[in-house]
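Below you'll find the structures, each written out as structure tokens.
Shared chain: chain A. Partners: chain B in the first complex, chain C in the second.
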Partner chain A sequence: MKRRTGARGFGVAAILIWSLVPIYWAIKTSLQTEADARAKPAHYLPTNATLDNYATLLTGDSDVPAQIRQSAVNIVVECGAATIVTVLLATLAGYAFARMRFRGRNVLFYAVLATMAFPAYTTLIPLYRIMSTFGLVNTYTGIVLVYVSGFLPLATWILHNYFASLPVGIEEAGLVDGARRLQVLWHLLLPLARPGIISTALITFLFAWGQFLFPLVLSSDLSTQPLTVVIASLQGRHVVPSTLLNAAGVLAIIVPALLALAFNRYIVNGLLAGSTK
Partner chain B sequence: MLRTGRRMGTARWNAALMAGVTSLALVLAGCSGSGPGDKQSSGGSTQTSGVTITVALASDPPPKAALAAFTKDTGITVNWVNIDWDSLQSKISAAATAKTYFADATNVDWSRVGQLGKLKWFYPMDTYIDTKAMEADVPQLASFTVDGHVVGVPYDASFMVTTVNTELFQKAGANPAPKTMDEYTEALKTIKAKGVLEHPLNIPFAAAEGLSTYWYETTGAFGGTVLDKDGKPQFTSPDSPGYKAAQWMVDALKTGLVPPGNINVTDSQGQQNLMAKGQVASTFSDYSGNVGTLYNIKASSSVVGKVKYLPTPGASGPAANLSNPDGVGIPKEAKYPNAAAKFIEWFTATEQQADFAGVNGPEKTFATYPIPSHLSAVQQMVAKGNLVGGKDLEPMLKGSKPVFEGGAPSWYPKFSNAVYTNLHAAATGSMSVEQAIKTIGDTANQLASGS
Partner chain C sequence: MTVSSSTTEPLAAEGAAPRPPAGPTSVAPVRRSRVDLLPYLLVAPVMIFIACLALVPAVFTVVQSFFKVDALDPPTRFDGFGNFTRLWHSPAVIGSIGNTALYVVIGVTLSTVIGIGAAVVLQKPFRGRSLVIAILILPWAMPGVVEGILWTGIFDPNAGLINSVLSSLHLSDGNAVLLGQNRLLTITLIELVQVWQIAPLSVLLILAVLQLIPGELYEAAQIDGCTSWSAFRRITLPLARPGIAVTMVQAVIATLNVFDQPYVLNGAANTGASVTMQTYFISFQDLDFGQGYALSLLITIVTLLISLVVVRLVYRRVEL
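Moving on to the complex of A and B:
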């Protein structure tokens, strides 16, 4: 028993080190001057810690800080809009699949789920053509639509499981009292499903935040490029100090990291929705 | 009851419609392919005035004044998009595959010329520009020619060079100008033995393109080439230059000449973080122009004035430098191919390159521009003393040769992938040099035979 606990502790420690050390190193580097960051032997703690790199990114008027700020706005707009649209559509679809009886319901539901089995990249070229045909390349709308099409199946599945787990009696009572379907959904079920909706929104937002290839292909310039794409484009440039690059990286992970830490319970519940009776 | 039943029926239908439309959109998004009715941009407009073209390159834009002057002269406005090299290649492939416009002029890398030529993703530049007239003055045009057509016009003269931090070499009492590989290796060992640096040599062993090009240059230094004209491997025998080069590189890591951490260091990381910071004394396969654009820039370097170009040490004397220039071409989906051609003609002209290179004053200088592709522009730079290490670089440029005799084969990306993954594996010790070379050779044979 003791040996098992020891092995488990070792495994957990190894995973934590593997996952957290690169993030720690990025944060440490972002808090140093270029000279300190390059010092040999390396400092494992930030010596002469400074927030200068963050100040430069947030207030600097040169090319790189301006790009970081614009791309930060872009990523918030794109992920925020994609999350709202996805949750809205997934709520309606999830409810319909969970509660309503209509011909072909199961076929449609499994067809939706089946789209999750497609490797996302196989849809890249067709989606690019569709967006191009409709003049949506390099627009917020185009990127948001692609995110929605990508994340809607998972969101629908999570919310379907959530709605399916709610007692039918509440809904029937509402209908007996003369409420319409949408009224029942809005006034009775949505408050109960709020944890599921929050977890769906979080999962969608986090997935959207981490996107790289799709926005890379679907955006052409800084007007729509999200932070993930812009940071990658800075990497090969000689003139961008590594400390500044690390500060940009930390800014890119800080939003999803805070969300994940603050709403960890919702995310886990969302992913486990429907797994137990 | 009736009302409820009807309402339930309607609601059921609405729900079905709602779920159906959602599902259909999802399925269509997943399954849509190219149909004959799809609207695509092709052919493009011949308009050359009053238009805005998009130029996508892995480079900062040229000076605003230069672009404004171009617009004033031609009526063509340039929307410059700077995308890192790897991402740009993904965009080029995605746009060409989807037959979708993304730029009017974009990067044509030397390593993709064979592939791009075969796929016909770019317009032949010789239909727009008199490339024949350029041949004598642009030695690297050969690297962009496939089946007699020029796929892109080189806008810089990037080639691989050896750089040395002379101060560190001298501090150790090592020969700062070795002419042969033996002398060079001995000098590095001296630096290590004297304790000036624990790991004096930069080799980027990360599994990436930079490792492949390093091996090609080292193979050239050992007196050979990687592939023959038919794409057959020339490196499988242990006494072949390619084999010796791979062995030399891996041995350099194992004997501590190369920092152990370089196993995950890419070419640009090694140049920026090691060479530019004085943490190594030499990069055998560096990029021409790095002294002027990186090592001598105070903001990014702590070795200003200390790094020099070295005629590439060879088996028995200085070896040829292999060229890896960047070109610019016109994708088939360009909206304004003729306007893009005008831009390319302007962007790659001798006079413009001389301006970019700082021959005619700092206000016309393109800060991150490496070395002009026109010999005449390089000569102007050397004459005016504008080219850092110009006297060393000019003969190297003249003598530079393509990495592959017959041009980069169309299957080059797969070959390069085999090169860097297997050399990386040999460096990590998960396979021997012999096994790595055998696997790379087998891949080349397979690809060359078309299987």
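Moving on to the complex of A and C:
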């Protein structure tokens, strides 16, 4: 028994080191001056730690900080809007697919599921050309539309599963009371489905936050480029100090990291509900 | 909403109504006299989105693969298998196919092994397990691009963590250029970064299946004198097969379409360019959309085929 806990301790330590070391190293670098970060042998702890890099990014008025700040606004707007629209539409459809009977339901539902089997990038080029036809390249609308279309199938599937798992008969009870069906959805089912809705919102938001190739193609300048696209372009230019780049990277992972730590139960449940087919 | 709300009618007998796919609960009463519009209104927005921005584009990809669609060489015209032939004769494309095959093999293997290993570590409850799981999913939650930046600091030839550790241990002078020279090493390290991102989902999926295995099975095995290794081989592995299959399919889809990590860590260099990167270069730098469509179509078909094969080989229905 003792031997087994020892092995588990080793396993847990390996998981923690594997998950945290790259994050630690980026935070460490972001707290150093460029000279300290390039020192050999490397400092394994942030010697002479300073918040200068963050101060530069948040308040500096040169080119790079301004780009980081604008793209941070863009990513929040795009992810927020995509999440709200996706969850709203997927809740309505998930409810209908799970708890209503109507002709053609299965065909429509399988059509939704089928799109999940395709790799997202299958539609990259046609989506770009469609958006360009309608003048939506380099607009928030274009990016949000593409995100929503990409995330809807999984969100609908998760919420369908959640609604289907709620006890039978809730609607009858409400309907007998004479409530209209949308009122039943609003007052009886939505409160019960709240954990599923929160899971779906978190997963959608995190997926949107991680997007790179779609916005790389769909946004052509700083008016819509999200943080991910700007950070990658800074990396490509090789003139931005690694300490500043790491600080920008840390800023880009603060939001997802906090969400993952604070709501991991919702995220885990949602992911499992979304992938057991 | 002015839609019919025939609330008190009993469940109407729908002769040919299809069975619900998953939910056993269906209560919406249906009037025989006219079609109930409410469910259609509820699903309409999702269906419109999917039709316009998923199905239509997918059809586009298939059809336009056989057309010359080149912004620098208009007009768009039928070209048979021309795009595919040109792809076949492009050394960059062929090279990227080889690279992607390596990404898939390395990534699927590593994420499956890590998934099984970490899931076994987390199988039994212990104090702090939920915190470990919360930390475990951190890399999954982060953008692939930023992970590329994070790991640049690990792989850096000057002050990177790997080189620093190597020189601190006096194993090398600590100036090794890790990325962009040796193809196999470059691809392995880049794929390690993608595995860092996708393995957490593998762990969760396998862990979920392991949670369903009754503890008595292990107790019985112990009484029969099974070592923990043979219990793992004879109980854990076979019963985890459905979870392992799902995990591997997810990994196949992710690795076959890898883009962010090689793009950030290695740029356009052909030591690590993936097929998806080639699709991007062909379409959005060379503006030859036709070839881009053709390559997208090929990736999609290969993804579906490999996923199907994996499910066939690995998936076994488990009754507990």
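Simple rule for what comes next: the second predicted complex is superposed on the first by the 255 of 277 C-alpha atoms of A that agree within 3 Å, B and C clash if a C-alpha of one lies under 4 Å from a C-alpha of the other, contacts with A are read in each partner's own complex, and residues count from 1 in each chain.
Here is the rule we use: a contact is a pair of C-beta atoms (placed from the backbone, for glycine too) under 8 Å apart; a residue touches a chain by one contact, two chains touch by 3 or more.
Note that the structure is predicted; figures quoted are calculated from it, not measured.
Applying the stated clash criterion after superposition on chain A shows that chain B and chain C collide. Look at A:Ser19: by the touch rule set out above, it reaches chain C but stays clear of chain B.
Of the two partner chains, chain C is the only one touched by A:Leu245; chain B is not.
Set against each other, chain B and chain C differ in how many residues of chain A they touch, and the higher count belongs to C. Once chain A of one complex is fitted onto chain A of the other, the partner contacts of A:Ala232 extend to both chain B and chain C. By the touch criterion defined above, A:Leu89 reaches both chain B and chain C.
By the touch criterion stated above, A:Ala98 is placed in contact with chain C alone, chain B being left untouched.
In the superposed model, A:Arg38 makes contact with both chain B and chain C. Note on the chain A alignment: of 44-52, 62-70 or 206-214, the part of chain B that runs into chain C is 206-214.
Common to the chain B and chain C interfaces on chain A are residues 38, 40, 89, 92-93, 96-97, 100-103, 105, 108-109, 111-112, 115, 118, 122-130, 149-150, 152-153, 156, 175, 180-181, 213, 216-217, 229, 232, 235-236, 242. Of all residues in chain C, only 1, 5, 7-8, 14, 17-30, 35-36, 38-40, 42-43, 45-47, 49-50, 52-58, 60-61, 64, 117-118, 120-122, 126, 128, 130, 132-154, 156, 158-161, 163-164, 167-168, 174, 196, 200-201, 204-205, 208, 228, 246, 250, 253, 256-257, 259-260, 263-264, 267, 276, 279-280, 283-284, 289, 292-293, 296-297, 299-300, 303-304, 307 touch chain A in the complex they form. Looking at the complex, you find that chain A touches chain B at residues 38, 40, 89, 92-93, 96-97, 100-105, 108-109, 111-112, 115, 118, 122-130, 132-133, 137, 149-150, 152-153, 156, 175, 180-181, 213, 216-217, 220-221, 229, 232-239, 241-242. Note for the complex: chain B touches chain A at residues 4, 7, 11-13, 15-16, 18-20, 22-23, 25-27, 29-34, 38-41, 54, 56, 58, 60, 79, 81-87, 90-91, 94-95, 97-103, 268, 271-273, 277, 279, 293-294, 297, 299-300, 302, 368.
Of all residues in chain A, only 4, 8, 11-12, 14-16, 18-23, 25-26, 29, 37-42, 44, 89-90, 92-93, 95-103, 105-106, 108-112, 115, 117-130, 145-146, 148-150, 152-153, 156, 160-161, 163-164, 166, 168-169, 171-172, 175-176, 178-182, 206, 209-213, 216-217, 227-229, 231-232, 235-236, 242, 245-246, 248-249, 252-253, 256-257, 259-261, 264-265, 267-268, 271-272, 275-277 touch chain C in the complex they form.
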